[in-house]
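Next come the structures, one after another.
Note that subunit A is present in both complexes that follow, paired respectively with subunit B and with subunit C.
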Partner chain A sequence: MTMLTLRSPVFSFRLPLRRVVVNALLAALAALLIVAGLFGGSYPVSFADFMAVLNGTTDAVTEMVVLDYRLPRILTALGVGLAFGLAGEMIQTLLRNPLASPDIIGFTAGAGTGALFTVAILGTTAFVVPGAMFGGLGAALIVIGLSWRRGIAPGQIVLIGIGITLTLGVIGDLLMTRLDATSAYELMKWLVGSLHSRSYADVQIIWLGLLILAPVAFWHQFILARASLDEPVALGLGIALNRSRMVTLGLAVGLVAVAVSAAGPLPFVAFVSGPIAHGLNRASRPTLLSAALVGAIITLFADMVSQTALSGMSLPAGVFTALIGAPVLIWVLIIQSRKNRL
Partner chain B sequence: MKRNTSSHLATLAIMTTLGLVLAFVSLWFGVRPLPTSTVWQALVAFDPSNTEHMIVHELRLPRAMAALIGGGALGMAGALMQSLSRNPLADPGLLGVNGGAALGVVISIWVLGATAQSQLVFPALAGAGLAATLVLLLGGAVRPRGPDPTRLILAGAAVGALFLALTWAILILSRESLDTYRFWVLGGFTGITKSDLVALLPLFAVSLPMGLAAAFLLAPLILGDDTARALGVRVGFVRVFSTVAIVALCGLTVSMAGPIAFIGLVVPHLVRPLLGADLRLVAIGSFLTGAALAVLADILGRLILPGQEIEAGATMALIGGPSLILLVRFRREVAL
Partner chain C sequence: MTAHLTCENLCLSYGKTPVLTDVNLDLVPGQITAIVGPNGCGKSSLLRCLSRVQSPTKGQVLLDGEPIHKQNTKQVARKIAFMPQSATAPTGMRIMDLVLRGRTPHQSPLQQWTSEDQRIVERALDQVGLTHRAHELLEDLSGGQLQRAWIAMVLAQDTEILLLDEPTTFLDLAHQQDILKLVRELQADRGLTVAMVLHDINLASRFTDNIIALRDQNVLCSGVPQDVITEPNIQDIYGLACSVIADPHHGLPHIILK
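For the complex of A and B:
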């Protein structure tokens, strides 16, 4: 593997060249999607228009399109994608299972059931997000609590997560049949996850969350890389395994929580970002930055498709994250099996 | 050895009796409770002019039979799946057939305006078949060595998710499909009529013996691929054949009754302590126990909430989830 060596008088630093190139390309692609989202679409905005909006010297319509509609939507998509990508990669590294995702710790199922409960009991869709947060955090706590065995046991988390997820899923399905048709339809849209008509409140939630949690996640990845080795090896390296696992789970749950409250549980983003990033880097896990960027690219692209290609059908972005994510996973599968690595 | 065989036969006999007794008990329950004597009369001395006899024959008997066959098929498929993938946690649902069936269902509601349970059976079967074919191709079934188990599960997850995404898209495009789908997805034997059952029986009559044959073929693979090959087993063929059998069993069941979780996952674990590690016995035992469990779930679903019915699939998951957790908590050796 070609290494890139950065030297300064104080310290030197070696980076795999491939990782640098991959991350740069991913970042460029994400930037391209942001630009396309801002300037393209059904109401084209030129760069001059955009600068004029920032200077406050333009007509009300352009200002409204850019500032009230596009900017919050794109900022939410970017933040949510980064958060899901980070959370997915951390959970998959911790549990050493490419089929794991934050769903496995019960958060998504709990959030869905919580949202359904508020609607079924209170009869209004006003409290969907608090209900989802309550349900999601509750479910994650139950999964972690039940798999506690003088510390967090990763093998237990997967199994107990499956049990809790299936149970909550069925309770959700049962509640769904007790709702009237209109509420069921509205909730279905939320459960899939949407970026439609996001506000600056959503932007604040997701970016505040990222600002606090992402730096910790990036700092922690060096410990996580060692903590995900075989247990005796990790202990031999002097890793405080239990603390590292708690930090990882806490970060992942926090990131998923802010992302879900901003945009709903966009399916598949957290699940596929890690394997794709891993495949591109051909490096050992975790590859946090690449996974976060892949998550952002998928989310931004899904959002773009949902508003342009099939705008008449008004499908939410969550449908497209899944439609994009699934074939990508199949592609990764084929590539990996050609190399006989699976 | 001799003693073992007879005690295993006794265990299988007890499982069979349990299933049949539960199926008979399930005939009592319903909107109109029927006395045991009437049910018995309807079975042994059927009188077409008697309404109560007609209820037993046209509604409750097909429902009980469907639960027996569906539950049994899932149990057997679960035992095969766990042996094929060498993963005690593999569930036949991982092969993506549920997603395919769901897509078939919502498309038939959206395009053809289907609403009744019996109109959904064949679209679901077509969807499950399509998903299964894709999973087999992507999972590497055409390679000479046969499908790789890990790759098969990943392919199942990917194809299942793709079909689920398409299902969601249709559910959001058409409210009518959500209205029918949200009941179908609970899974249960409620709406099954005699004609549905008669139409599906020949297919089950082919796939259940296939499953049994797969159990006999897969059994030597427990020694490892190389040893099995040295014994003259065609490993690639055995894997393809077993996967086709699993997919057929699950696809038929999900078309008939909707997705029913947990039977495939849990039943083999209940059976193994009783019958040992021999896959041939475990597959038969899982068929019998799965059948009994599905009927039990169908009965409990009618009793839990007075005046309301909870679909058997939902009941199964409500019981199965907590019991899986208990199993994990109190048995040290279970791990992924």
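For the complex of A and C:
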């Protein structure tokens, strides 16, 4: 294992070379998907066209395709993927259980239901973000509260979280019956997780959220790596454990809420990103940057596949993230039950 | 000046079950203290309270005369290092990662690998004889190697007080000696205060300055090994009949069970 030592008066880090390489490759792959998404597809756009769009010297159709359709869609996919990747890695690391990801333990479903609630009850999309925030936070509090056993109990959280996710699904269906067919259809697609016809409002939500939450998450990585040690060890090292757990959960709920507000509860992105990043780095968790990049790659890729003729019709991207995630879930369940940790 | 750890009328119950009742003790600064007693008598619980990892139900632990739970936990972690009885690490960790975690109270998000960190981590790895395995995964180690990795972690914390819960349990005879000699060396060279739970009375006699024996939620007897290791005391602590002889090499009390 080659280690890099970075030292200056203000900082010092010990960095596995492998991690640098992994992150560079992941970033390159994400960039490739972004480029492919911008220029490829059913209406190919050349680089010259793209520059012309930026300079405002092109025909209206190209401009519309690039600026109104592709750019917001890709920016949303990128941001949402990063956010889900970060949130999943944080919770899985804290609870030391790959099943404890926000999309399995009810945080994502809570945010989705919260957002849906504001739309169905208030009839406007103006309050989607606060709705998702409250929904996500509410679900998190319920799951943690119900599973509390003299402290945070990861195994309990997973089981109760799955129950909450199912319950929220039913509540979502009930809310849906209050709507007319057209809005119900639109909301249905959103609930599966869709990147179709994203607008700059969505871009704003997710990138503003990332701008605020991601730096805190990366700063918090140092504490998270220690808060995930056994409780007496972490406390002995001088970690304020309750506070760092609250910060971790708060950050994850926030990231999930903005991501859900922008693109709906894309299933399994948060769940698979961390384990994949962990496997690539072969290092102890958390590896936030790698997980975020994996999340972005999966989301961009799912979005791209959802647009190809392959699917015949325009399916929401969430269908494809689920298609990627479901086998991983089964694999994790098998590993976990072998380890007797279910 | 070395840090001074005491406790006053310490009581601890889990739910309604009392485990410790009105325990008073004083870890003599700069000396090694062994905590002995039968399984389940509360040794680990006592050590957890002393290291402020567990809040007592009543009474308090004082570090340099101040209640430990009211002090800044990071500052406390620079003075006291605690190794619990059976800790597990997250998967994917290597020995080096674990030992470096011991530097936590001296680090910050921006300063995670100073030359001081490197020097002390390398020293700790060397002290437990794991230098050449530093990059191995913890899940690939034997019980004894793992235990030495955990000991290296608390050594890397570079504190004046060491609280070790059964540091020798998984070790073979030679490594038991190595670790206890190392503890003795640290105490002699750097004036460390050490409290450790030991099950082997003869090792406690050989390598510690004081012994505290627990029984029935309280301290049964304490003092220098010669005073604590007596036939009636062993009978009281463990309900075992034995003879105590002077060991032929050091003249220290040595028990032989009947």
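We take it that the second predicted complex is superposed on the first by the 241 of 342 C-alpha atoms of A that agree within 3 Å, B and C clash if a C-alpha of one lies under 4 Å from a C-alpha of the other, contacts with A are read in each partner's own complex, and residues count from 1 in each chain.
Here is the rule we use: contacts are C-beta pairs under 8 Å (C-beta built on N, C-alpha and C of every residue); 3 or more make two chains touch, one makes a residue touch a chain.
As the structure is a prediction and not an experimental result, all values here were calculated from the model.
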item	value
Touched subunit A residues, subunit B compared with subunit C	B
First (subunit B), second (subunit C), both or neither touched by A:V158	first
Subunit B versus subunit C as contact partner of A:L67, first or second or both or neither	neither
Partner chain(s) touched by A:F222 [first = subunit B, second = subunit C, both, neither]	second
First (subunit B), second (subunit C), both or neither touched by A:A52	neither
Sites on subunit C touched by subunit A in the complex	48, 51-54, 73-78, 80-84, 87-94, 97, 100-102, 104-105, 107-115, 117-118, 135, 154, 157
Of subunit A, residues touching subunit C in the complex	1, 5-7, 10-14, 93, 96, 219, 221-223, 225-226, 228-233, 235-240, 278, 282-285
Interface residues, subunit A side, partner subunit B - complex	97-99, 146-147, 155-156, 158-160, 162-164, 166-171, 173-174, 176-177, 181, 184-185, 188-189, 192, 267-268, 271, 313, 315-316, 318-319, 322-323, 325-327, 329-330, 333-334, 337, 342
Complex contact set, residues of subunit B against subunit A	89, 138, 140, 148, 150-151, 153-155, 157-159, 161-162, 164-166, 168-169, 171-173, 175, 178-179, 182-183, 185-186, 261-262, 310, 313-314, 317-318, 320-322, 324-325, 328-329, 334-336
